[in-house]
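One structure is given below, encoded as structure tokens.
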């Protein structure tokens, strides 16, 4: 039973102004209905005027996805009534989208390369935002700040075969969009997904309302299981639209809420056609994730895994290139294996990390001035300071203040002897040939020395002390 | 020919309320008008899109917005800076 | 020069929906001149209703670009004129604020939909006014009230702030008692506005000239055929004779696409209207919607209560013409017909400079006479083609039948307002002489 998945992705383009008016798109910290004008409020008599930047961003994506840009495309009105839709129609592209027939390369579930075909991309305006007020009297509250934000809708062919593939596709797409600089991934709701999923031979279900790309795998996993279970029980899957309830991780039927739509599309008489196919050749694409990953491996000699992780986010890749020169492999290990985890733990963005300080830290590690364990401590102090908005101390100063400089073996003899003295059982076990006992003693000493010592060196000192019969 | 139930469906699509006793009259008028439109059946082929001005773009430069007060001034009812609308749930 | 103009007219014809008793003005080409503005053109701070209850109380926070230009040139905006609701009518009888009467004969309609603007000018309440013309809404009332009215080339005057009825057809234009004043007002409003993406940068800067020697005037047989009152046709032929006497020659032309013009016009204008009028739901402006109901129910109720029968009929008609299963038969075919009519005019204009005919098939009819939609729609037959083709057209008075004014319509090539204005001016001066 093959699972078949196709996606429709709505991406908010990171333009300074809305798609058809000059209102600023940066309303995050402002109150409702503060970024509105006659055009995005749909006041009578107002007229749309297309933002050039949005078209340029659309072309950039079209080129990056290797699409064919239509000789002439145009805008249509999609007519329906909803309180968040200021004009009672959405200006979108219907029969003649900006571009068609593209590809994105991902890995399938076996780790092989595969192509997901892109059907089309088109520009359209976002509606406003509705707040539903429940209680004795139910009504809606509308904020039109979002009304008119430019969206690029990207539609795929049903080429994905599992929820995991869908997630990998979205990750890849998101990375490409970030590389192109057309999209602000930090922005809530900047990437929204509708998914079509079916089990081969059965009806297709559309899952709407997936407002985070992380929710897609969850929604699809739920839905695939639901559909398989139905079929296993001999029932049929109904062709329908379902909503994803993010909080509960389930989908529910939208039956009754979705009427049979008749959107009565027609070309918007307020906007002339677009002819931009001839501009594509002149577009200089930035280095895209796959190319950068390959270059990282060749130029820095790092592993495929490290290269893939480091190029997964253009800001992380930039960061890496800044800290890499002295010792690319050490830098890759620290950035990909340690720093990312610490950032996730703090829910911090790479953008908040001072690359120069990390470079200094890497220099201390490379010179063996501190051990890896001490390095982690210093890193944590630095990140905590950044997260709290405090100035980030130089790593050398932290090492000095905390006394974290690598100590040589002789400095630890007293500590080792004390640990040996208080753990006679472990010493006996060691002498009886139990290797694990040595690790236990070393661990105790490490704790006492707060990571300043190199564990291998400590192991040597501990065994020497025991063998000398120091106790 | 459109029927009375067609008229009710169209009114629904257009969110135009019509009362039951208006339906026969609307239906009669509709059919008279549609009869007049039959001449269009003799038009051969379909039109290419109208053309007009191509690439009428605008620079991506912010312009002043309305104040919240002005944006809400004509709304029938507002609450905490939001415009109040009928429920959809 | 700046000040305020006191304006308290005797509005016995119900030409105005709103008047401004003290209207500020400043210096400029129209310094201190009282100008009336059709009530579908947005005026900051002045109620703008479109002749509809659904916009009662709506005060636009911005000026239409044409209003901005009027103010910039010093005009005193003295009021908002009556009109058919949303421009949907040819008599001004569908206004929610009562019909306007024809100042020439108060038992007759003034024409529409810019009936208030034409009546205000004809009654001498203002020397000039703005109207809008979707299928004849400037030229029809100009003809019926015996004044001059110009529908500009599509894209020559900004539509920003004009409350849309049928976006691909309509233009704002001037109405005045003389061709010279129409030309003067046109030179103020025909200025490029980057906010209207359908606009061309073709400003109008022209002083009318009566020198029309060598002008070739096309006479389309379709404008003198069935449905045209022979007495009206005779007056218009006489007027064309005057133009010939002034040095023009006439050439027979043909617009075969005229046979589908009215059907195409009504399909396109109602289709666009169904979308344009959908936003009036009582949420963001206008009388408040009942927020205790669910949205479709609430919208249907307020739109039934606040929109008049003609608007509801046209919105439904347009919804139907765009709906699944019918769009191909109606909307797509209408676009095809429109293209043929455009080509017919292009072809005709290869041989002639202007095309002349009657503006309206009849003189103004009695108030309350045309209640049947189809018979009302038929009165647009001679004006709608210019809107379908996007060409400029002017109506200039050319005598009377039964004491009621007849209009001579002159149509020109795209962006050749200058030529039809000169022809109209030459005729006007020629008759006066």
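By letter and in written order, the chains are A, B and C; residue numbering begins at 1 in each of them.
One rule holds in what follows: a residue touches a chain if its C-beta (ideal position, glycine included) is under 8 Å from a C-beta of that chain, and two chains touch if they have at least 3 such contacts.
Model, not experiment: these values are computed from the prediction.
Each chain's centre was taken as the mean of its CA atoms, and the one lying most distant from chain B is A. A summary of chain positions shows that the Cα centroid lying nearest the centre of all protein Cα atoms is that of chain B.
Per-pair tallies of C-beta contacts place B-C first. Put simply, the C-alpha centre of chain A and that of chain C have 55 angstrom between them. Separating the CA-averaged centres of chain A and chain B is a span of 40 Å. Separating the centre of chain B from that of chain C, both taken as means of CA atoms, is a distance of 21 Å. Of all residues in chain A, those that touch two or more other chains are 38, 41, 43, 49-50, 81-83, 139-140, 142, 262, 264, 269, 271-272. Of all residues in chain C, those touching 2 or more other chains are 58, 61, 168, 194, 197-198, 274, 278, 281, 283-285, 291-292, 295-296, 299, 319, 323, listed in ascending order.
The set of chain B residues touching two or more other chains comprises 13, 15, 50, 52-53, 56, 58, 66, 71, 74, 83-88. Remark: chain B residues 2, 6-7, 10-19, 26, 29-30, 32-33, 36-48, 50, 52-53, 56, 58, 66, 70-71, 73-77, 83-88 touch chain C in the complex. Touching chain A in their complex are the following residues of chain B: 13, 15, 49-68, 71-72, 74, 79-89.
Residues of chain A that touch chain C in their complex: 38, 41-50, 77, 79, 81-83, 86-89, 137, 139-140, 142, 262, 264-266, 269-272. Residues of chain C that touch chain A in their complex: 40-42, 48, 50, 55, 58, 60-62, 64, 159-164, 167-168, 194-198, 271-272, 274-275, 278-281, 283-285, 291-292, 295-296, 299, 319, 322-324, 327, 331.
Chain A contributes residues 15-17, 21-24, 31-38, 41, 43, 49-55, 72, 74, 81-83, 96, 130-134, 138-144, 262, 264, 267, 269, 271-276 to its touches with chain B in the complex.
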